[in-house]
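A quick write-up on the structure given underneath.
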Amino acid sequence: MQDQQLWLIPALPLVGFLINGLLGRRFPKALVNVVALGSVLFSFAWVLKTFNALGGLETAHVERYFSWIQSGSLDIGFDLSVDRLTAVMLLVVTGIGSLIHIYATGYMSHEGGYYRFFAYLNLFMFFMLTLVLGNNFLVMFVGWEGVGLCSYLLIGFYTLKKSAGDAAKKAFIVNRIGDFGFALAMFLMVVNFGSLDFQKVFAAVKPMPVEQTAGLLTAIALLLFVGATGKSAQVPLYVWLPDAMEGPTPVSALIHAATMVTAGVYMTARSAVIFQHSPMAMDVVAIVGVITAVMAATIGITQFDIKKVFAYSTVSQLGYMFIACGVGAFSAGIYHVVTHAFFKALLFLGAGSVIHALGGEQDLRHMGGLWKKIPITFGVLACAWVAISGVPPFAGFYSKDEILLAAHHHAPWMYWVGVVTAGMTAFYVSRAIFMCFFGDYRGHHHPHESPVSMWGPLAVLALLSLAGGMYFKVPHYLEPMFPAAEGHHDETLVMISVAAGLLGIGIAALLYVVRPGLPDTIAAAFGPVYKLVYNKYFVDEIYDAAIVNPLVGTSRSFLWRVMDAGIIDGIVNGTGFAAKTIGGGLRLLQSGNIRSYAAWVTAGCVLVLLAIGVVAGGVR
Amino acid sequence: MSLLNLVLLLPLLGFLACLFLPKKNLGLIRMFTLLVSLAIFVVSLGLTAPFLDKGNGTWFVTDVPWIQSPEIRYHVGLDGLSVWLVLLTTLLTPISVLVSWNYIAKRPKEFYAFLLLLEFGLMGVFVAWDLFLFYVFWEICLVPMYFLIGVWGHERRIYAAVKFFLYTMAGSVLMLAAIIFLYVKGNTFDYINLLELLQSGRLALTSQEQLLLFLAFFVAFAIKVPLFPLHTWLPDAHVEAPTAGSIMLAAVMLKMGTYGIVRFCLPMFPNAARECAPWIVALALIGIVYGALVALVQPNMKKLVAYSSVSHLGFVVLGAFSFNQNGLDGAVYQMLSHGISTGALFMLVGFLYERTHSLEIKDYGGVSTPAPWLSTVFLITTLASVGLPLLCNFVGEFLVLQGSAAVNIYWTAFAALGVILSAGYMLWLYQRTFMGEATDELKHHMPDIGARELAASIPLIILMVWMGTYTKTFLPSISAANARILEQSKTRVEMRVQATAGESVHVR
Amino acid sequence: MPAAVPVSYYLILSAILFGLGVAGFLFRRNIITVFMSIELMLNAVNLSFIAFSYQLRQVDGHIFAFFVMVVAAAEAAVGLAIILTVFKNRSTLAIDDVSSLNN
Amino acid sequence: MDAFLFFLFAAIAVACGINLVLQTHPISSALSLIGVMGSLAVLYLLLGAEFMAAAQLIVYAGAIMVLFIFVIMLLNAGAERSKSTSLLAKALGIPALLAFLGVIGFLIQALLPNTELVKFGAFTGGTAQAIGRKLFTEYLLPFEVTSVLILIAILGAVVLARKEI
C-alpha cells in the first residue's frame, strides 16, 4: 500500500485553526466559515479518499513520519495508522464534525468571538483526529490531552461568565486525573514492553497468560481505564460533564456527546488485547459502566435544564458503552458509539435549536407546546427521541440490543439493570420532549424557527438516527478485529428491552401529557429521595468537602503559612537572627573606645607570648 | 580564538563598554545593550553547528594556564549538556533587555551593565571545565543578581537580596571547601583530570570522604535548584526582583544547580550519589507535590510561579537521580523547557505588572476582554507550563517520569500528582486573572500586547512548540552527553567492586 | 655588684619601658601624652633591637632601629599635624571627646 | 663599671617612664620622655651602638621631642581634667599588662638563660662607617623607601596643618 498522506487528515483542521486563530479577527464571517468548514470538509473528503484507496483494511495501514522522542532505547515516533476501528471513528468524527460545523455557522452567528469559536473547533478536530489516528499510545495521548484542552477552551468560551470558567477548569482538572492513570499505564508499558507502539505492545501482551488476579496487565488495564473514566465521564470522574454544558450548544453536541467523550470507549476497545488478559479489569469496567448508567439515568429524570437532561443521558449512555466493553463486546460498544453520536448529537443540536428559538431559555419548565411553533425542530428531535428510546428499527435499538444481549450472556443481572436503565432513558427523554413540545407554552420569548444552516444538518442527522443502525452494521465490519461472541439471538430478551423502552415513553406520556399534575405529587411523595437525586446525590458537594476544600485549606493554612513561612523560613531566619544576636554581643567589644581596643591588644599579646613560650618550650 | 571564547568574551566587553556610556542617555544605553545581546545570541547560534551535525563530543575546547600556582587553567569547552544552556542564556538576555525597556528608569546604565555581566557569569558556569574557574563564574553570577534584586526590586528588596545572597553563599562555601579538598588530594583543579584520576582509582577516596564531598557539592547545587526544603529564598527573591531579574533567575540561574548536579555530582561521586539517591528523590518528590500545593494557594502571581518552579525543578532532580538514560535526558530537557516556559511566565507577569503595578491576583480578572492577545500568549505559556503535549514541558516531564518509572513506579505515581496539581494552580491563575468581567479601571489600564512585548514573546512561543514537537533538534546531543555521564557514573561502581574484592583482576 | 650585666637585663628593661608605654596609652586621656607613650614603646623596642644586635654581633639590628626612628619621625610629623587639626576643629585634646568610632 | 652604668641609667629611664605615665601635665610628660631617651642613648653606647646613640639624641631627643614641646606650647595644653577612664581598659588592661610583664620576664629568663655579658667596647660594629656601608649596600632599597616615606609624611603634615581643614 502506498503512502496515503494520513497526516493531512488532522493537519487540515490545524491549518484552519492557525489561519482563523491568527488572522480571523480581521476576517469577515464568511471567510471564517470558508476556512473552518473548508478544512473540516476537506479532511472528511480525505478520509473518504483514503478508504477508497486502502480498500478493505484487513490489516492496519501504518505511516511513520519522524521520531518524536528518542532517548536511549525508547523511540516514539509521530506515527499514524488506520485500521477498521480507526476507520469507524474517523468517519464519525469528520462526518458529524462537518455537520456540527455547518450547524454552528448558524447557531453562533450572533455571538462575539465568532472566529475564536471556529478556531477552537478546528483545533479540537485536529486533536481528536490525532487521537484516533495515532499509532502509539503517546500520540494517542497527545490527542487525548489536546481534546481536553479544547474542551477547556470551548466550555470556557463565554469568558465573562464565572460559571463557565469554573466548569472549564473543573473539566480540565478532572480529565487530568484521568490522564494521570493513562500516563502511568504508559510508563508501565514502556518499562515492561519497551515500546508504546500498538503493534509491539499487543504483540508482547498476546502470548502472556490471562491473569486471574492482580498483576501487571491488570494494573495497566485498570490505569488505562482510569484514563477512560476521566475522558468518558464515568463514575467517579463524571462530575465535569454536566457542568460542561456551560459551553455553546454545538460544543456540547460535538465534544460532549458525539466524539470526545467516546474517546475512552475507543481507547478501551483499542487496548482490548490488554483488557482481555485481565478478567478482573473487565469486571471493573462493566460494573463501573452499570453504576454510571443507572446513576446518571436517575439524575436525568429529575433535571429541568434541557441540556443537563441530555448531559446525564450522555453519561448514562457512555456507561452502556462501557458495559459492552466490560462484557467483552467491544464491537457492540463501538456500535453504540456510532449510533449514539447520531442521535445524541441530534438531541443536543435540536435542543440548541430550541434554545436558539427561545432566545437562550434552557429551563424545561418555561417551554411547552412548541411543536406548532418550531415544527422542523420538533420533527428532527422526534427522530432522535425514538432512536434513543430503542424503538425498532431505529438506530438506538440495534446497538443497545447488541449490548444487552452480550451483557445477558456475561451476567444476567447486568442485562436486567440495563433494561431498567433503558426504560428510564426512554422515560426522561420523553419527559423532556413532552415538557418541551406539548402542553401549553409557559415562556415569554417569541419562538422562531432556526435558519436552514441549522436545520439542514439536523435533517441529515435525523436521517442517520432513523436508518443509521440498520445500514451501518458496525459489529459486522469490525469482526476481523473483535470476533463476535458466540451469541444466541434470543428474541424474548429483545422484546423485553423494547417493551421497557415503550413503557418508559408511556409513563412519561401519562405523567406529562395526560396528567400534568402527577409528577409534582410523586416528587413530593418521595421527598427526601427526590431531593437526593435532584441534587445529583450531592457528589459535587462531597468532592468539594472531602477533597478540594481540605486540599486547598491544608495547603493554605498549614503548608504555606505554617510549614513554609513558619518552620522552614523560620529556621532560616532564625539562623540569621542567631548570627545577628551573637554579632550584637560581640559588637559590644567594639566599643569604638581606642583604649579598650588597646587593652584587648595587650591581652592578645599575652596570649601570643604564652603560645611562643609553649612552642619554644616544646622545641626544647 | 574559538567561537566559544568569543561568545564568552562579548558580554564582558559589552559590560565594560556599557560602563563608559553616558549616564543620562537611556535610549542609547538600552539600544546598545539590546544590540550587543542580540549579537551575542546570533554568534552563539554558531555554537550549535557541531551538535546538530554530529550530536556528540566536546567542542570549542580552550585550555590555557590562567594562574601558575596553584595551577588554575582557563579550560572551557562545550558538550551536548552545556550548549543548549548557553543558548538559553544568550536567548533570554536580549528578551530581558526588551522586557526592561520602559520599566527600568532608575540607574539604567548600571542595570543593563549588570545584565550583561550576569550573562557572562552564567555562560561561564556552563562552559567551565576547571573546577576553580567554575567556582569563579558561579560567584560572578551572584553579584549582578544581588544588585538586580537589591537595587531595582520592589519594597522588600533588601531583605530578599540578602536572603538570596546568604543562602547561595552558604552553599557555595561548602562547594569551595570540597573543591580545595579535591585539589589537595589530586593536585589539580581540572575537571577532566580529576575525573580521570577518580575513575582510574589513582585518586582514591574513602567512602566517607566521597559522601562528604558529594554532600558539599550537592548542598550548594540543591540550594540553587532549589530543592525542598532549601527553597524559601526563591519566592522572596522572585517577588522582589524586577522582571528581567526574575526571568534570568528562574530561567537560567536555577539551572546552574541542576547543571552542577548532572555535571559534577553524578560522575565524580557516583557511589555516594547512589547511596543518597533515595533520600534525594524523596525530597524531590516532596518538593514536587509541596511546591504545587503551596502554589495553589498563593495570592501573589510571582510567588505562585516561583513555587511552581520548585515543583518543576523537583522533576529535574528526580530525573537526574533515576540514573538512567530516560530520566537524565528528561531532566536536562526539563531544564531547558522550564527555562523557556517559566521565563515566559515571569515575563508575562511582568507585562501585567507594568500595566497595573500589582502582582496580587485579586486585582485582576477579565483581562482577556481588553487584552485578548496578551491572554492568548499567557494561555499558551500556561499550557506549556502544565505540560500539555506538543509543548515543551511535556517531553521533559514524560521522560523524567519514564525514567523514574523504570526504577520505581510509585515514585512516578507520586510525582505525577504534581502534574495534576499544576493544571489546578495554573488554570486557576489563568481563570482568576483573565476570565470574567473586567472592571472599567482595569480595562482602562490594560492595553493589549505591544510590538516590543510581542517581539519578546514570539521567540519563546515558537520555542515552546518547537521543543514540544521537533525534539530531534535538541535531544540527540543531550542524549549523547548524558550517555557519557551515565557511563562515567557507572564505571566507579565496578571500581568499588574491584576494591572491595581486593583483586587486581578486571571484573567485567 | 657584678662587673657586667647580661644582655637579658637590657631586654627586661626594654619590656618594662614597653609596659610603661602601654600603661600610658591605656590610662592617659591627653592625646599628646598618649602619642608620647607610643614613642616610649618604640624606644623600648629599639633598645631590644640594639641589645640583640650586641648579642648576635650583627649590625642589622641597628639598621632596624634606625628605620624605626625614621618611621617615628614621620609619624610624629603627621601625628602632630593631625593633633593640630583635631584641636582646631574640636578645641579639645581629650581622647574620649574625639572618639567618633563609637556611635 | 658597666653594671653600674647600666643600673644607673636603667633606673633613670624607668623613673622617667613612670613619671611620664603619672604626670597629668603633658609638658612634664614630654620632659620625662626626654629623660628616657637620654638614658637610653647612654645604654646604646654601652651596647656598642655609637651611631645609634648619637642619632637617638639628635633625632629623638632633639628633633622629635622639640616638635612635641612646640605643639604642646602652641596648643597651650593644660593638665588633664580627671575623668573616669574606660572601665574595660582598667579591668582588662591592668591584669593584662601585669601578665604581659610577668610572662615576658619569665620567657626572657627561661628562653635566653645564658646571654652575653655587656662590656663596653666588646662590640664595635656600630660605627657610623659600618652602618653607612650596610645602609647603602644591602639596605639600599629600604633606605630609599624611607626617604619617600618621609617625603610623604612631610606632604601629609603640610596638607593636614593647612588652615582650610
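Which chain is which? They are A, B, C and D, in the order written, and residues in each are numbered from 1.
Methods note: a residue touches a chain if its C-beta (ideal position, glycine included) is under 8 Å from a C-beta of that chain, and two chains touch if they have at least 3 such contacts.
Computed from a prediction, not measured in an experiment: that's the story for all the values here.
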item: Set of chains adjacent to chain B and to chain D; value: A
item: Identifier of the chain whose CA centre is least distant from the whole-structure CA centre; value: B
item: Per Cα centroids, the chain farthest from chain C; value: A
item: Comparison of C-D and A-B (more C-beta pairs in contact); value: C-D
item: Between chain A and chain B, centroid-to-centroid distance (C-alpha), Å; value: 36
item: Rounded Å distance between chain C and chain D, as computed from the means of their C-alpha atoms; value: 5
item: Centroid distance [mean C-alpha coordinates] between chain C and chain B, Å; value: 59
item: Centre-to-centre distance between chain D and chain A (centres being mean Cα positions), rounded to whole Å; value: 98
item: Sequence positions of chain C contacting 2 or more other chains; value: 22, 26-27, 96
item: Junction residues of chain D - those touching two or more other chains; value: 85, 89, 93, 97, 100, 104
item: Chain A, residues touching no fewer than two other chains; value: 591, 593, 595, 598-599, 602
item: Contact graph of the chains (line, ring, star, complete, other); value: other
item: Interchain contacts (touch definition) - all pairs; value: A-B, A-C, A-D, C-D
item: Contacting residues of chain B [partner chain A, same complex]; value: 163, 166-167, 229, 231-233, 290, 293-294, 296-298, 324-326, 329-330, 366, 368-369, 372, 383, 388-390, 395, 398-399, 401-402, 405-406, 409, 412-413, 416-417, 419-420, 423-424, 427-428, 431, 434-437, 469-472, 475-476, 479, 483
item: In the complex with chain C, residue positions of chain D that touch it; value: 1-4, 6-7, 10, 13-14, 17-18, 20-21, 24, 26, 29-30, 33, 36-37, 40, 43-44, 47-49, 51-52, 55-56, 59-60, 63-64, 67-68, 71-72, 74-75, 77, 80-81, 83, 85, 89-90, 93, 97, 100-101, 104-105, 108-109, 112, 114-119, 122-123, 125-126, 130-131, 134-135, 139, 142, 146, 149-150, 152-154, 156-158, 160-161, 165
item: Chain A residues within the chain C interface of the complex; value: 591-595, 598-599, 602
item: In the complex with chain A, residue positions of chain D that touch it; value: 85-86, 88-89, 92-93, 96-97, 99-100, 103-104, 106-107, 110-111
item: Residues of chain A touching chain D in the complex; value: 591, 593, 595-596, 598-600, 602-603, 605-606, 609-610, 612-613, 616-617
